[in-house]
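Per-chain numbering from 1; labels A, B and C assigned in written order.
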């Protein structure tokens, strides 16, 4: 499989205002490549640079140094910005602030209308997208009648209607209750499994990151770790140092090891922990 | 005597229309002074409606609310006094900041309550100390601060009113793990230092298990349960049945129990879990 | 509560009136307004009244909705009627000090009152049976020719859509901020006008801050969804004039012509 997204030595800094001579650095020398169909979680605390990283993927921001390629297109090419944004859709944190229209289906149609898609095809793709996120029954509702999780699913439908190769979600569950979080996560996971849509999920909930194929940990604008979830979460000490969580069972395994028990460190779920516990007790 | 007591508290929306709906119905509750109570429940379970009654922002359709033994709707004067006995921090409280400086914003509440200038000054200093904001923040504009800092300013604005009961509606929503721990630790410290009653609305069972002394579970406008953390999580199965989660360690111990490894008690913190498991390993090693 | 306010007062339904093309409805309302100012005899107004009643019945709009729409305008109607009553010249019927009431005055006062009431009831029909989004859409399309003179038709329509979208959100937000400040002891209900105006500051500032934040977020989200103005845009929902619109136009036309003809042959009020 070829790389869909590639960051080569990307650095980014921004000028706070005109008078400020010193630009504020946000990203340093980021190298990252993401393949088609991958489900990547990006972890990092607030201000770590993870949102800035995300905004580079669909050319909202352009690198100060280095290059970002999306499907081999250089994001600095202003002529191709809309091609890139069709390839890479983006969902944001606040569900209220990204819905444009007063009716659910009109909102899902928004991107396609902007792209000049013929009306009949818009209708078909809007209906498909709404069915994919399980919001078809709500197509004629007003956004303010929906719950947070439902609004976020409408926002996702608005993106997948464009048929993008990749969806970047910037803390899509931060403002949701547990039910809404579950709904959104299940939707994302289904899109990734059934349609091989590449998913880049920016989050600080470790229980969401555990479900990804790969976890990228960002701290102070650098990629600190980049591996499968098990390999990332065993580094309990290091994650805590940079202000991130690990699943409770992983922490418990870590504590047991510290107390001298030969417990496998890479347990992320209750089931894995139970198996390992049985193994030791029955040995 | 209970600091908070409700009797048959009911609140209906849209009375007299076909859409009449009870946000809360027949809530009878007694919360003792000095508890740190975790309030959990789904969105729409009535927990937000309940807490807005406790300081008189919402008027009950029927039933009574007693704070410190007084019915808060007995008279307008009592109601106004209640407003500062029960401090309420809303969700995303940083969106209510409006003054030019942190200091002035925190002083808004105390001034409204008619504190003297001296009292206001003292209250602001005390509140800033409670939320861990140094004097360097006094003259800063609240709009320049980071998300977590803004939230601390907003919480200080309520603490400055010197409430006997502090209610926080999801004070950690939208924060990262570090920001969340900071806020929860300062709430816990505040509770310990002031010996006040604190109600903490949360979606995180892990946080409730770690910080709270009692848990109030709301479901469909009713009190599902009210008791100690251990009592609450001893009903883990029922809690999961109404669609709420229990801490992962609690789930782990019910899974272990099914495999024949009983803990003999409710486990809901990592510290306790570690002790119990180490003991099991020791027993096995000794056997 | 603030959030109970409904915007546009749209009554969803499936009646013929609802299904008409919104552009047709706007044009018919304009024709109706012109008609109101042409006819001046009582019989025509009776005809117009019957016509309105029939449409309201067909559209299944409850009578109290009419009352709700007219009520806020009553003071204005009363005011213009009184002005007309006293200041129209003619043969005085009653005379007292500098005031005189003339037959012509009474006629003009009644005519104007009837006109305004008909005008409101007729225009309300448009907002009662057309969703705000359809209305915005129709206005955009009807004004399209103005693009030639560089009138920003698409931008205006987009602004209207976004305003409609965010009114409920901001109302809810206002409600929340008001509760939060009340919990901090803010007194919004008592005191002099100046005190009350000052009491609004803790509500207005957070509201503005939040509105700007939302605007920024929304602009970013729109950019991510390839928004680049009205150029080259298509629409999912196409508006088509159907035979239904034709029939309605003809039916309405007949009534209007009848009203005008009656006006030619019958004695006028003034």
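As a convention for this text, a contact is a pair of C-beta atoms (placed from the backbone, for glycine too) under 8 Å apart; a residue touches a chain by one contact, two chains touch by 3 or more.
Values in this document were obtained by computation on a predicted structure and should not be read as measured data.
The set of chains touching chain A and also touching chain C is given as B. Between B-C and A-B, more C-beta contact pairs join the chains of A-B. Taking each chain's centre as the average of its CA atoms, chain A and chain C sit 44 Å apart. A straight line joining the Cα centres of chain B and chain C is 46 Å long.
Look at where the CA atoms of chain A average out and do the same for chain B: the two points lie 30 Å apart.
The set of chain C residues that touch two or more partner chains is empty.
For chain B in complex with chain A, the touching residues are 42-43, 146-148, 173-179, 203, 206, 243-245, 247-249, 251-252, 255-256, 259, 261, 270, 273-274, 277-278, 280-281, 284.
Interface residues of chain C facing chain B in the complex, by the touch rule stated above, are 173, 176-177, 179-187, 201-202, 205-206, 209-210. Residues of chain A that touch chain B in their complex: 45-47, 93, 147-148, 174-175, 177-180, 204, 243-245, 247-249, 251-252, 255-256, 259, 261, 270-271, 273-274, 277-278, 280-281. Looking at the complex, you find that chain B touches chain C at residues 52, 55, 57, 83-84, 87-88, 90, 93, 95-98, 108-109, 112-113, 143, 157-158, 161. Put simply, chain A touches chain C in their complex at residues 58, 60, 82, 85-86, 89-90, 92, 94, 96-103, 105-106, 109-119, 122-123, 126, 142-144, 155, 158-159, 162.
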